[in-house]
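Structures given as structure tokens follow.
Shared between the two complexes below is subunit A, which pairs with subunit B and subunit C, respectively.
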Partner chain A sequence: MTRALKGGLDRRTFLAGTAAITGALAAPGLLRAAPAPVKIGLIHPVTGALSYSGAQCRAGGQMAIDDINAAGGITSLGGAQIEAILGDSLSKPDVGASETAKAVEAGAAGIVAGYASAITLATAQEAAKTNTPHIVDVGVTDGIIALGLKNVFRFSPGYGKIAQDAVTALDEINKAAGAPAKTVVIVHEDSAFGTGTAKLLATELPKHGFEILKVIAHPTPTRDFTNIALQVKAANPDIIIPANYYNEYVLFARTIQQQQIKPKAIYSVLGGAASSYKFVKEFPEAAEGVMDTNHWFNPLSPLAQARKAATEAKGLFYTYEVYLTYNAVALLADAIERAGSTDKDKVIAALNSSTWDKHGMPYGPTQFVNGQNTGAQAVNTQVLGGKIEVIRPAEFASAKVKFPLA
Partner chain B sequence: MLNLTILWPAILNGVTTGALYALIALGLTLIYGVLHIINFAHGALLMVGLYAVYFLFRFLGLDPYVSLLVVPPAMFVLGYALQRGIISRAAHGRDENILLVTLGLSIVIENLALMLFSSDTQTVDTAYGFATVDVLGAFIPVPKAVAFAGAVVSALALWLFMARTDLGRAIRAVAKERKGARLVGIDVEHVYAMSFGIGVGVLGIAACLLLPSYYVTPQVGHGFILIAFTIVVLGGMGSFVGALIGGIIIGVVEAIGGLMLGESLGQIGIFAIFILILLFRPQGLLGQRG
Partner chain C sequence: MTRLSLLLVVFAALALVPLVVTSEFWLNVCVLTLFSALIGQAWNILGGYAGQFSFGHALFFGVGAYTVAALQVRLGVNPWIGLVLGGALGAAVAVAVGWLTFRYGLRGSYFALVTLAFAEVFRILANSIPWLGAGEGMMIKLAAGPGMLQFKNLANYYWLLLAMTLACFLAVWWLDRSRLGARMLAVRDNEDAAAAIGVDAFAVKLQAMALSGLFMGLAGVFYAQRYLYLDPGLAFGPTESVEALLVAIVGGIGSLFGPLLGAIVLHALSEAAQAALGGLPGANMVIYGTVLVLMVLFLPRGLASLFRQRPQPVEPPDA
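The block that comes next holds the complex of A and B.
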């Protein structure tokens, strides 16, 4: 300091002083002692093979944060604003885990991740190392909940529940129409998702009196479905069950139409395109009548309809990625609100006692058992008159099922 | 398990699908078969063509078949520029460098597409997209029938071009004896770039004929690239009619293999043929011993 006194300000002091002043000017909020923002890590596959879904997830999460902040933030924390820490898993589990670790280090009070089951398994375990609350937005594999991690909560239904509901629903729809359908052909992609679905349906459906005529596996990508359609045509089933991803689903549905195959129903479990707005918009004729068992919002809920309108105003489709991630973020925010703290144990306790119902989903208030929201369920949708309608369960239905089709 | 009632439609479908494969392989047989450039970017360039057709349809309302007037010439220019501006410069005349340069190009092109267009699947819905023609009891989708005709015409046109025109002769001369061709006054760099441009231009034709019955994503080329290389080897390097026949054989083998062994395992037939050809007739069906 002696030098500074002699020669005025030395360079180091000057820099430090300027930095302090600039900092204060740039962050006037700090001077007014606003509450520290609550940080939430949003880890999604926004690039790579899953980038469309990842981007939809991120959009949903950010909409939730914007809505909460606009409504006054977390009131129990003095109106603290929520701040997103955005992570890109590049559609890879290991990157998902490292992005989660980064978000936790950056002070995330909770994590919302990771869209795909494989990525979510990695993000959930990474968050468990620091006991950081982790909400699963989409990942359906039951392995995520089977890990038994205390910090992991899934708002949406798991695969076992969805598949079970799908079988019951198909049986009930068939019986209600006088059981016109007796035979089934399953067309599935040959990785874990399609094969698992096919295996489950091939064991469960015969218990309800359906005869499985043929199970046809195909790789992803499959360039041409004519051959498969020909085999389906030769088998002439009452019901066709496709279990594949979007591109193959669309090609298959188009080929069925080209080959003039007219089954009594096309029915899916988590169908790649069966309840996709894009498919219905681009190929209304091929999509007409297709039934699916999938995540869906409650069409009778004004809250869900308002969010749908807000999403569409941004030029986005209101897909399951959007509303499930929106709700995952809002659920976490609600827990932080009730905990009145970002303390991890308190937030986890608040999630365990959560009875949150502002989700616009056909679920009822949240109730978590071992991290799974027990009220969560998939619904049955059907494309009717170019629109995706909920046809089952009755209390959420926006239209009556059309079965048999032909 | 083979069902005889669907054998005929399956074979016919194999023929039309195979013709589409052949169309994609035609450009490659010129680039790879004649010039020995292992073009790993072939799939990525097909994707570029498909996106061009898609955007012309979406923003200008141009039918994919009308795009035949626009996309192939544009792809030719792109191919010419790529060879002259990037591949030949970076390769320094060595084949193993070309392999790496085209592989690098494919990665760059695919990721650019991912960044600009996202990995969302895009399709075009045309009036004839679902129309079919009845060929003795088998329904052949109109877009596939058109693609079949397009493949036959393109293969014959390319064959005539190589056999009858000065440029075709120059390409063959460069392929056989690069130094000699230069000595008799052929602009070797220009011939290389022209061949590459024509190969990519033909890919543009394939894109126009493929999109009405298919879709486009940044990764769409992956499904076709291995098949295309197989067809080039099967037909005989540089033989256009060979590529056409090879493509149709592959299509039919795929169709019957799918019926007998299931779609997943049915692909095995394609690569079994590939290995057999390499073992017993490495010059290909219509190829000449070098």
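The block that comes next holds the complex of A and C.
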């Protein structure tokens, strides 16, 4: 039996009414507590030939989003959470462009894409049609920036700078050791990356007194490097420079070891496996002493080390795809934060004036000129004692270079 | 309704797509679908009508793409001229490959393997010749404007591609009712019998190669102008070769509307699989592949066979 309250209201009606009024009063507060999410398109080749790298990129981007959301989201937008729009380019430029258009139409405030240069060229141009901010995560070809698109920003260094730095570094490492190395053999895969590297090194190294004994091209995939290794052995160079992708790099390094070729250095530019934890873990003897010029985090940065630990806790290697995409997303989020808006012009202006430094990279604060972060640089790494150490520049070095090896 | 009327009605309806579809993404899907229909139909001329299965149609695609790109980047030739030359060179290379292979009587799987090898040879050549950008590829300068065959508006790319595709489909419609088409079918069904009744099989196959190469070359020109970047793998790799024959086989080889049907169904399937399982990398491709296998198993003559009228059984004469 229900007991009636004074004025004719029974208890049940009173409770229901109170709940309704409380709910109505609380509703605006709840709405304020949940602003519209900020959407970011992550377009990567998670299936197809580039799927491993694409998946690593996606993992890095999602980790950044999780961290930003856990830290309160975009505070200038009332703590708006970031939401990923995931796109799979299937390792094809035309599909990458299509996925970019799809993400933009789904309301993406910005795009982070596309790992490979050819795909990035397509995603950048597609994003440009709607003036959507586009952060390049990995694509190194300078043609991306040469397009002159106002919406495109690259956090990491371009190929031209990496290659020039690699030449300078090799020259300095050699001179510091009394210039014991004089001859070079370049072994490269025959697509854009390997050919470009070989061409540049074959032009630049002689200016520093190195003699190029041989330039050997091979297709990808190549599964037997015996003949190439024998050619290298016959040339007997002081330095071997491989420029190829992961599998070929590993196979070539192992064949060099099997053939007992002992150069003074194995030195790479964006070496497919030279800075790979997987290579070092699985083939420690072949990897020992290998030098590389590559994207790398700042080993002295606690922030980078914390992110590395978090990545490894997920069972992933902390590869360049992970930290470059992580930082590309975080850079875009920082620009949205400072813009206090997802308005595309305002975000692009915020990127242009960006001085973001929470990246854990050996870069210094971001500074964009025509879309390129001018402070970005590659570093030199060397596998020493089964670990990948940074050996150059000195301010980021975690170990001293070991040169010559033999 | 005649087949020509139907064809024109279908393409007139397709021409209205950019006016109806406001989504850039879906218009892009329509562009990709039309592109597949174009290369599928180009392959169909040689494979479906003349019976010569090619596994290396990317060769002619790559020649067209590299022609417009190299002429523009190296010599400053207007891409509209590159469009004409790209198609012409696609046809010329096709004739050259045909002449080299058919004169030695290569047929069937041997012909398929040789076309695959030619595509690979051209990929290696493009990889090695600095004037063609070698392994680094070629980037066409961004200069949006109809004069440079580049468009800010995706709809214009769509209509350009639609015009190319219509030309290709009209060529096939013409083949269906021409002597050349009849000779191609005769060569396809029994080359020796065709030769016995006076058909010059060698010349017929070369003409099929030329026509097929022409439209693949035009498709290459379109690709280069749309994405403004080429490398040997993109131009001469197996992707376009596989797509061309897949579209034609799923749609129905030797039929006018087969490649269009194949392209629509394959892209719809791909998008549906991606929408359903896009978050699980690779799963969409598994679904796509499974459905494809089922379609080939249960519709070996392609989707077009669903619309073909079955011959009525002849009533036996009364005893």
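Just so it is clear, the second predicted complex is superposed on the first by the 373 of 406 C-alpha atoms of A that agree within 3 Å, B and C clash if a C-alpha of one lies under 4 Å from a C-alpha of the other, contacts with A are read in each partner's own complex, and residues count from 1 in each chain.
The working rule: a contact is a pair of C-beta atoms (placed from the backbone, for glycine too) under 8 Å apart; a residue touches a chain by one contact, two chains touch by 3 or more.
In this text, all values refer to a predicted model and were calculated from it rather than measured experimentally.
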{"item": "Superposed partners subunit B and subunit C on subunit A - clash or fit", "value": "fit"}
{"item": "Which superposed partner A:Asn247 touches (first subunit B, second subunit C, both, neither)", "value": "first"}
{"item": "Touching partner for A:Thr47 - first (subunit B), second (subunit C), both, neither", "value": "both"}
{"item": "First, second, both or neither for A:Asp357, with subunit B first and subunit C second", "value": "neither"}
{"item": "Partner chain in contact with A:Ala55 - subunit B first, subunit C second, else both or neither", "value": "both"}
{"item": "Partner chain in contact with A:Asp67 - subunit B first, subunit C second, else both or neither", "value": "neither"}
{"item": "Partner chain(s) touched by A:Gln258 [first = subunit B, second = subunit C, both, neither]", "value": "first"}
{"item": "Which of subunit B and subunit C A:Asp224 touches, first, second, both or neither", "value": "first"}
{"item": "First, second, both or neither for A:Asp190, with subunit B first and subunit C second", "value": "both"}
{"item": "Minimal inter-chain CA distance - subunit C and subunit B, angstrom", "value": "5"}
{"item": "Overlap of subunit C and subunit B interfaces on subunit A (superposed complexes)", "value": "47, 51, 55, 190, 219"}
{"item": "Residues on subunit A engaged by subunit C in the complex (per definition of touch)", "value": "46-47, 51, 54-55, 86-88, 90, 92-95, 97-98, 101-102, 104-105, 118, 121-122, 125, 129-130, 143, 146-149, 189-196, 199, 219"}
{"item": "Contact footprint of subunit B on subunit A as seen in their complex", "value": "47-52, 55, 190, 216-219, 221-224, 226-228, 230-231, 233-234, 246-247, 250-251, 254, 257-260, 278, 282-283, 285-286"}
{"item": "Partner subunit A, residues of subunit C touching it in the complex", "value": "23-25, 28-29, 32, 35, 124, 127-128, 134-137, 139, 142, 152, 154, 223, 226-229, 231-234, 239, 274, 278-279, 281-282, 284-285"}
{"item": "Complex contacts: residues of subunit B adjacent to subunit A", "value": "3, 5-6, 9-10, 13-14, 17, 114-115, 118-121, 123, 125, 129-130, 132, 139, 141, 214-215, 217, 219, 222-224, 255, 258-259, 262-264, 267"}
